[in-house]
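Two complexes follow with subunit A in common, the first pairing it with subunit B and the second with subunit C.
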Partner chain A sequence: MTNSSLTTITAKPVPEETQSCWSCGTMRAVHFCQACGKVQPPSPVDYFTFFGLPRKLNLDLAALEKDFYELSRKLHPDLNARAGSREQEWSLQQSSLLNDAHRTLKDPIKRTQYLLQLEGVELEEQSKTATEQARSTGQIKKQIVPPDLLEEVFELNMQLEELRMHKKMGEDDPALIEEIGRQKLALDGKQESLLRELEYDWKMWDGMIQREHNGQPVSEEERKQERDKMVDLLNRRNYIRNLVRDVDEALEN
Partner chain B sequence: MSYSDKVIDHYNNPRNVGSMDKSSADVGTGLVGAPECGDVMKLQIKVNRETNVIEEARFKTFGCGSAIASSSLATEWVKGKTVEEALTIKNMDIVKELSLPPVKIHCSVLAEDAIRAAIGDWKKKQESAKPVASAVAQ
Partner chain C sequence: MHHGFCNRQITQSLNRTMASDRIVGIDLGTTNSLVAFMQGESPVVIPGDDGSNLVPSVVALDENNQPIIGNPARKHLTETPERAVYSIKRLMGRGVEDIQEELKFFPFRLAEDLHPGEVLRIKLGDKTFTPPEISALILRQLKRNAERFFAAPVTKAVITVPAYFNDAQRQATKDAGRIAGLDVLRLVNEPTAASLAYGLDKKQNGIVAVYDLGGGTFDISILKLHDGIFEVIATNGDTHLGGDDIDNLLIAIALDDTLGDLGLDLRNKDLRGNAGAVQAIRNAVIEAKIALSSQPSAKLDIELPGGKRYLREITREQFEQLIQPVIDRTVGPCKQALKDAGLKPEQIDEVVLVGGSTRIPKVRALVKELFQRVPHTDLNPDEVVALGAAVQANILGGGSEATENMLLLDVTPLSLGIEVAGGVTDKIILRNSTIPASATQHYTTQVDGQANVAIHVLQGERELARDCRSLARFDLKGIPPMAAGMARIEVRFLIDANGILNVSAREQRSGKEAEIQVQPSYGLTDEQVEGMILDSFDNAEEDFRGRQVIEARTEAATILAALDKGKKSPAWGHLTTDEKKKIAKMEKALIAVKAEEDYQAIRKAIYALNQGTTRLAELMMDSAVSVALKGKTMDEADMGEGPTAPHPMAKAEFE
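What follows is the complex of A and B.
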């Protein structure tokens, strides 16, 4: 096991925090020594670094899967069952990190959320932050999603409630079902176009990271602008996702 | 996670559910959402023009039990208060009253937002009503 066929790991420069292999002394990758194959203690790296990837959002998913399966094999605790207990422990920790990293990076939404989190965006805190701002300035809080989307969400929810009520009473309302069915199609289309919009944002982000990598300075303002576009999109998507879920539920029951 | 008794009470017997005429000059409407969970909340207040006291409040919320309880409590609290008094209600007051766990704090934030948005809408109506009133008087 002197040579790894890992596509991305070998292509990337070894991260700075990497030291020499605890066992044979040569340089190691973050997971296992490329020279002697021993599992290494987990180092505190983010998921992109774990897979040897830059912080870009357009991923070669096929390469990610390939790396995932190869690393799974090499880091599997069972494989290291006969190794020292220390190695077995590392193997367990590395495997669990590998699974988390894989699950996060392969999903387009989770990947985007994770990157934003690495960039310091607190998605869960934005509403609270905006409220605190409004309170201290006495201004009306700026809603994080556009008012017309809120209006739409509210109206559709009213219709869904009506539908549920009819069903509960054993009444049939074909016109309402048809209307909700139409809305459902529109929502599916919206979800699709949000994903396309997200892919475009990825392209812009990746281009910026590449420029930075090539030594061109990227201003904090530009970074923020690219981040904000994705935050805005994820926020809108949350509403659409909930609506699709609720419509499906209401139509099925 | 389990809901507190107060949340369950508001959830099972929500106070002041419903709506009022959005176009009425005395009614302020706030429609707000929490992007973290996709909940939406509509809160309406009816204000006495002479005293600035909120005489009626209605809400309709699509969301989890905590969001429903937060808005139900918010309508109870604003009723009988003046507009300025109602603006002093903070989300943490709601958290305390309902014993909301940290993951549900955003529900209380939503309720505070809804109060502010409804009052903001009402204030806007009062300002834009002034020139119209004087025009009618002439």
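What follows is the complex of A and C.
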């Protein structure tokens, strides 16, 4: 388990750590002064750095939450309501950064996506240009169907189409609904197993980061390989998630 | 030189320090409004001059176009309905196009020249008011109640809003505060405020659901209470669902009855007396509704125009059947909130009921079934939100022993999105995100030299932009001339701790701050609000006078209290009968003018009594009792805690 706390040494030390508090002049922590408790101006750091964490994917969620609460008690605007307007503004910026970082890091998928983004990967999901291009040209966004799902997806889409037709005619087909429900359960199971696969990839990634931290060289090739595995997993997962959403919609309407 | 009993400087400076620290908590409700503050370690409601804790959210104009607020305004609903308004909260932050349903059931009289997208204006007599202005009149009444209570000005407040209020509704509430002359330090969600009052009391960790069904709004919030942190996990609701809807069902039945049985078409608004009759029916059905929470049946007996009477008995069974569809509308939001929180009903440790409508047994039964437990009903559902607002006010003011370690982490109830090509909403901050929360988006230009980019900001959960609530259109201006696609404009959307959106933008290549022009879809501009501020110019004189009266009365009270103590001191016995008589006369005079509005007369009487008691003060200074008080005036001596009379324990101070 990764040890998560504010004192964890990051791969690259944050220069702000060595600055002194603007108010009392004492050396300060990243977000607030440890001597006088005053909120410090925000620095543009990534979410991992904000929590003093290395860019690893296995996270001690309990420790993250504890840090989140502790930092909230220092940074939240409610507790800085009597400070000067400059400090109030810093408090607002700092606590929104804290909340954004916590929200992203506590969720396994968001955390992975965020890390990949930091690594320069533009995930298909987040590629707005691709989406907008598809919309403006009227084409359906190209989605790569994972090969191992091809057959099932084809069948499920047929059934969904059938269900929508039935609904339009005002007919009921309990057998079909039951069959689709069964397929949905299978998809849910698949999502679960993808998450477990992802967790395995995290381990590989974290091991690589640790080696790098220990001073061993990590080739760009290896880094890319680890990244690509996760990108592939996330794409598959997104695909299934969209499918589940379609099924839910079809069953609800 | 002796000062007599009165030390003006001390009184005034005391008033000043207390005023700057005093932040009140306000529940601006659909039906009733309240103001509360933290007295010592527990929150208390400040009553109005009629002694009632609740100020009905009713505003009327009298024949001289002077606003009347609260209980005195209620009779105007039936007597001069065209000059009175209630449930104005339903119209806050809304446009004419989205209140058509409301207009069917509420006697709101809109200004004739309203255009879609414009802030609503309501007619009272022949004057028009925007909803924030009407709310401001209610807020000002609460402010005055608090000022009378403290005998000092009140300028800072925490105001509660339904958790499910959108940006426009929140902004409208903040505007109302500003118009009323209040610095609104924080908008707090009503169920969250209630949880603060509950948590202050219970001091327990666990998962709490707050089911808040009020006069016009419904909220459900699920919170995690954890060592003083009140963390909202999920919230949901309906800003147009509440006791009003139940009243309207009962009114509709009565109106159908009177039309069918008596041939009286009370829905015809053009007929004189109809509006008043509908209000009389409304009052009667509300009374019946309340009675049905404790009785098996209730009777309606209403006098109608033309001397006819409308009589009807409603059994609780009929009532419950009738309201079932209304209260069933709370089920969906509860289930969604549970789902969003990732919790099952059995994982909730306690369900807290808030809002007057939760007194209805059928509502309690529904909650019990939904959450599979008996809800907590120890708190007064009418007052708990205001009490919680007072707790939050205390936290913002620096906290006290009772609120030490307490911190509220609330969420945004609705997703924030921007419109992208094809009229689709691209969500950038999801609902139930802890606030403050932010998101950054990048934009570029489509044509060479393009200087402006338009952004349409939306709030809501739907796929298509047209199904979401339009918050505002932002125009990014002053982008330096560049080839198409070269500009890189970073726009930061930030939802602050009030749940209100702030936007800033920067062109990254040039580093230039882009200018943002905001066109709120349903709001007042800053200039409009400035122009509406109550007591601004025309009322400044009256306000000053009011403050002077308050101050003079406080001083009068101080000197009268000091005199009372003086009478009990041995020094009193050294005065001649004549001196005593003179003092008694001046005391009587001061008591008499103190009740009046003339601050100069009060001051004069204070001065007279002060002069007249100089010898008494001197005697007291010299007497044995005053030895310990040497060098102080009587008034200063009174500033200390506890009794000033000789006390056996007084000197017993051990190191």
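We take it that the second predicted complex is superposed on the first by the 203 of 253 C-alpha atoms of A that agree within 3 Å, B and C clash if a C-alpha of one lies under 4 Å from a C-alpha of the other, contacts with A are read in each partner's own complex, and residues count from 1 in each chain.
In this text, contacts are C-beta pairs under 8 Å (C-beta built on N, C-alpha and C of every residue); 3 or more make two chains touch, one makes a residue touch a chain.
Computed from a predicted structure; not experimentally measured.
Novice: Have a look at where A:L92 lands relative to subunit B and subunit C in the superposition and call it first, second, both or neither.
Specialist: second
Novice: May I ask you to decide whether A:L123 touches subunit B, subunit C, both, or neither, giving the answer as first, second, both or neither?
Specialist: Touch status of A:L123: first partner only.
Novice: Counting touched residues of subunit A, say whether subunit B or subunit C comes out ahead.
Specialist: B
Novice: Quick one: is A:L198 in contact with subunit B, with subunit C, with both, or with neither? Answer first, second, both or neither.
Specialist: Neither subunit B nor subunit C is touched by A:L198.
Novice: Taking the superposition as given, does A:F154 touch the first partner, subunit B, the second, subunit C, both, or neither?
Specialist: So A:F154 only meets subunit B here.
Novice: Now for A:N238: first (subunit B), second (subunit C), both, or neither, which partner does it touch?
Specialist: Only subunit B; A:N238 stays clear of subunit C.
Novice: Output check: A:D100 vs subunit B and subunit C. Expected answer is one of first, second, both, neither. What do you get?
Specialist: Touch status of A:D100: second partner only.
Novice: Between subunit B and subunit C, whom does A:H76 touch in the aligned arrangement: first, second, both, or neither?
Specialist: second
Novice: Taking the two structures together, which residues of subunit A meet both subunit B and subunit C?
Specialist: 128, 131, 135
Novice: If we count contacts the way the header does, which residues on subunit B are in touch with subunit A in the complex?
Specialist: Touching subunit A: residues 31-38, 40, 42, 60, 62, 87, 90-91, 105-106, 109-110, 112-113, 116-117, 120 of subunit B.
Novice: Under the touch definition given earlier, write down the residues of subunit C that touch subunit A in their complex.
Specialist: Those residues of subunit C that touch subunit A are 185-186, 226-227, 229, 392, 395-398, 405, 407-409, 420-422, 424, 426, 433-439, 494-497.
Novice: Which bits of subunit A are touching subunit B when the two form their complex?
Specialist: Going by the criterion above, the answer is residues 123-124, 126-128, 131, 134-135, 138, 140-141, 143-145, 147, 150-151, 153-154, 157-158, 161, 234-236, 238-239, 241-243.
Novice: For subunit A, which residues are in contact with subunit C within the complex?
Specialist: Going through subunit A, the ones touching subunit C are 69, 72-73, 76-79, 81-82, 92, 95-97, 99-100, 102-103, 128, 131-132, 135-136.
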